[in-house]
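Note that subunit A is present in both complexes that follow, paired respectively with subunit B and with subunit C.
And now, the complex of A and B:
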């Protein structure tokens, strides 16, 4: 048997070009559907894990997929915002804890998430350094955001304008970093968390400026009486919230009408969840409540269908490749007629010749499998984080 | 000799270890009590009377005479975030609440049950920015506890919050609450009889902080913006002269002990001074009830009333 392996191995070594080509072709045929399956499964698991840990999401009526994806992955919200009183309404029902999400602004490319400190407890996120937000103008960075922005506790980050044509719309607010989270391999790593009231400051709904009762400059006041002052646009809002100016920050209008992109509702129990869902499904208001798990499941069903089509295509190509491989081997036997004849002349039994030829095929397949495993290993180490980035 | 030294070192080491254990044990016992934060003295007093030893009561602005102007620093807020309960006065007493991140489910506004009865502070200032719609920063008067009927309602909110926090202590809290409301109601009745019916006497208030007191007990008055520790100047003299002439003011109610020279100057003008402490901050050597009793005596002094109870 050892002699047969020796002969087969040396034949493959001598014809290394042909061997390599065959090994590469076969390994790719095995690898492509396997990797596709692996990617799809891992992606689905990740998406489901995030969705399953988010019991209910409330948002404006519209696309449930947009609401879910923007709330779970901090993408730009595709639906109009809710008013903040909806957060209070959910809380007042006593059925669930309501965690607001405001997702409109960014620090460079990192999303600013306006929320409450309950978010950290809800996601079971640990602090690598520092503490949660305590006062207006403080923020907490996800692990990746801290790395990308090169900021640590005590540093400051500045919010970016919401768009090229929104130079005067949103507010470039300098926020102090008071905490950095442990890496969680979720979209939380990329986020800049702040209190929702701070995002309202960024949006201009709340601001701080010089006391208009004491301002004397004519350029700053359009008019003033004992009870009314009309400030000109020259009155600049503070771009940083400090202990000295924090008391000058005030809210224009009723904060209950301020925007919230989504509300994570964490029901007290299953019964509360059902009551809450029923209430929002029956009422005709502009609010919908969705179960992210169901939305993601639906989304994944579409992904699975695509995966199945791709797998079918890969398997078909694989089968065709195998047929061609077998053809290559059979043609090679015909080409090696003289070589086989010589083996017979020198006394090789028919069984021995068959064994040598079969071992050649087996060795090629074994090498292909080994190469496929190497690909999968490389993908598992380098490709999954890449895939996660794509999903996020 | 060496043995004796060795024994002494060993004894000293062990006794040292024992001393260190004591505070840890105390901390462990304290940690078992729910931590309750309060933002002003009346709420502190109510929580202390009702909760007693069952709660770990903390009043970070306790050293201030007027916590209404207090703004907690970030570290205090961080400590408050981990509390079990945060009792606030509400009625705009805690203006800093909008600028901090506190868990809303832990915050109880003790004036929430009578929010429709809240009074305006009288100071309204409106401003707008260019062509934006104007918005008013109308002040809400916050010294709700000066109406002892409202103070009792605040105490009820405190009791409910504490019972929810520690249902196993319900009986104790209910008993303490009953005693407290009995005291508050008795004092409320005494206040109701302190101003004669059909009162026409107008007093001057050194600051506009007595809205609930005047509304509940029928005191008529005009507010100034005087500090007790600021000497009366020419403009202030002019101001009080106007009040004397237009309103017939003969008494001024100070929120704190005025300078003797101010009392003397006013006395020469025919204005008598009394102190009615708003009780927002921790009083030095007294408590809420005694402080309010002292306030009652000051009112009686103005109106010349005697005890009718």
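And now, the complex of A and C:
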């Protein structure tokens, strides 16, 4: 056997160009469907893990998929917002803890998530440094967001306008970083968390400015009576919330009507969950409540179908490549007829010639397999984090 | 001792080789001559057991080769005979040293050992190719390649050397070197030599000459011992 391997190996080594080409082609044929499966499975696992740990989501009626994806992965919401009183409504009856999510704004490319400090406990997120938000204008960064923004505790980050022509639609608010989260390899890593009220400040629903009762400049006032002072456009809102100006921040209108994109509802128990689901399913108003696990499961069924089609295509290509490879070997044996004849003439056992030729094929497949494993190892080291980023 | 009795072989209706009686003594040097197409190569293949005669008997040291299976003939061939071809037939993907030791790697009847590697180097040394033992055949000249082929035929120390026009593609200098090498081997190991040649100049160096075109081509054969 050693001699057969020696001869087979020498043949492959001498014809290294042909060997490499075959090894590369075969390895790609094995690698593509394997990697596809690996990626799809890993992606599905990640998506499912996030969905499974989120019991219920409430949002405006519309696409359950949009609601789930925007709430779990902090994508731009595709459905209109709820009013804040819905958060209170869920909590009022003691059936569940309601965690609001406001997802409209960004700091550069990182999404600003307006929520409550309960979110960190719910996601079981640890603080790498610092603490949760305590007052208006404070924020906590996910691990990746901190890295991307180059910010740490004590630094400040500024919210970006939602669009180039939205200068008046959202205020660029300077927020103080008070905490940085441990990396979790979830979308939380990319987020800038702040209190939901701070996002309302960004949206202009709340603001702070100089106390008009003490203003002396007439240019800042349109009119003044004993009880009312009407400000002119010259009165500027503060762009940073500081201990000195925090008391001047106030909300206009009823905060119950302020926007919330989604509500994570964490029921007290299974019974509470069923009551909650039943209520929103029968009420028929503008609110829907979904089970993210079921929504993601449905979504993944589509992904699995696509994966199966792709796998089928890859397997078909693989079979074709296999046939071509065998054809190459069979043609090669024909071309080597004289060499085989010489071996027989000088006394080679028939089994030995067959063994050498078979080992050449086996070695090519073994090398292909080795190369495939190398690809997969590289993918596991470099590709999976990349995939996780994509999933985020 | 090689002996042929009433051997008949034909490829087609146009060609047949017939040898009624032929004896080649142990240690003899026999030159096989004849016109192109008269069956010289066929004769060598019959003696080597590569081809089987249609009828008749071929004896190798009193062993009737015609009763052997092809597999047994291969085992017999690799132990008893060394073959040299006109076109050298070296494997291009093996280095010179590996080409020489090839017979020891292709049949389990022979066991490859370190001593064979040493012997291969000695053979290459004897033909002036030791320093080229790591090269591939494609990096050698015609004469050098034929010397490697001759070394390969000798590696298992066979009793019989069967050479099919080994000097046909060589110049006079290389021809003489190859013949000297083959003759030296036969002298040292008392080996029998059957060598096909067109070269009339070298025939006188042999103990015996068989002219196949005179005796065998589509005729009743006879043996001619010179």
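FYI, the second predicted complex is superposed on the first by the 392 of 392 C-alpha atoms of A that agree within 3 Å, B and C clash if a C-alpha of one lies under 4 Å from a C-alpha of the other, contacts with A are read in each partner's own complex, and residues count from 1 in each chain.
We adopt the following convention: a contact is a pair of C-beta atoms (placed from the backbone, for glycine too) under 8 Å apart; a residue touches a chain by one contact, two chains touch by 3 or more.
All values derive from a computational prediction rather than experimental measurement.
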**OP:** Using the superposition on subunit A, decide if subunit B and subunit C clash or fit.
**Re:** fit
**OP:** Report for A:247: first if it touches subunit B alone, second if subunit C alone, otherwise both or neither.
**Re:** first
**OP:** State whether subunit B or subunit C is in contact with more residues of subunit A in the superposed arrangement.
**Re:** B
Original post:
With the two structures laid over each other on chain A, which partner does A:133 touch: subunit B (first), subunit C (second), both, or neither?
Top reply: first
Original post:
Can you give the closest approach of subunit B to subunit C, taken over C-alpha atoms and in whole Å, for the superposition?
Top reply: 78
**OP:** Flag every residue of subunit A that touches subunit C in the complex, lowest number first.
**Re:** 3, 6-7, 10-11, 13-15, 338-339, 342-350, 352-353
Subject >> subunit B to subunit A touching residues, read off their complex >> reply: 71, 73-75, 77-78, 81, 95-96, 98-101, 103-105, 124-130, 132, 134-135, 137
Original post:
What residues on subunit A touch subunit B, complex-wise?
Top reply: 91, 97, 116-118, 131-136, 138, 178, 195, 197, 206, 212-213, 222, 227-233, 235, 241, 243, 246-247, 249-253, 255
Original post:
Touching subunit A in the complex: which residues of subunit C?
Top reply: 48, 50, 71, 74-75, 77-79, 81, 83, 85, 89, 91-94, 98, 102-103, 105-109, 112, 136, 152-153
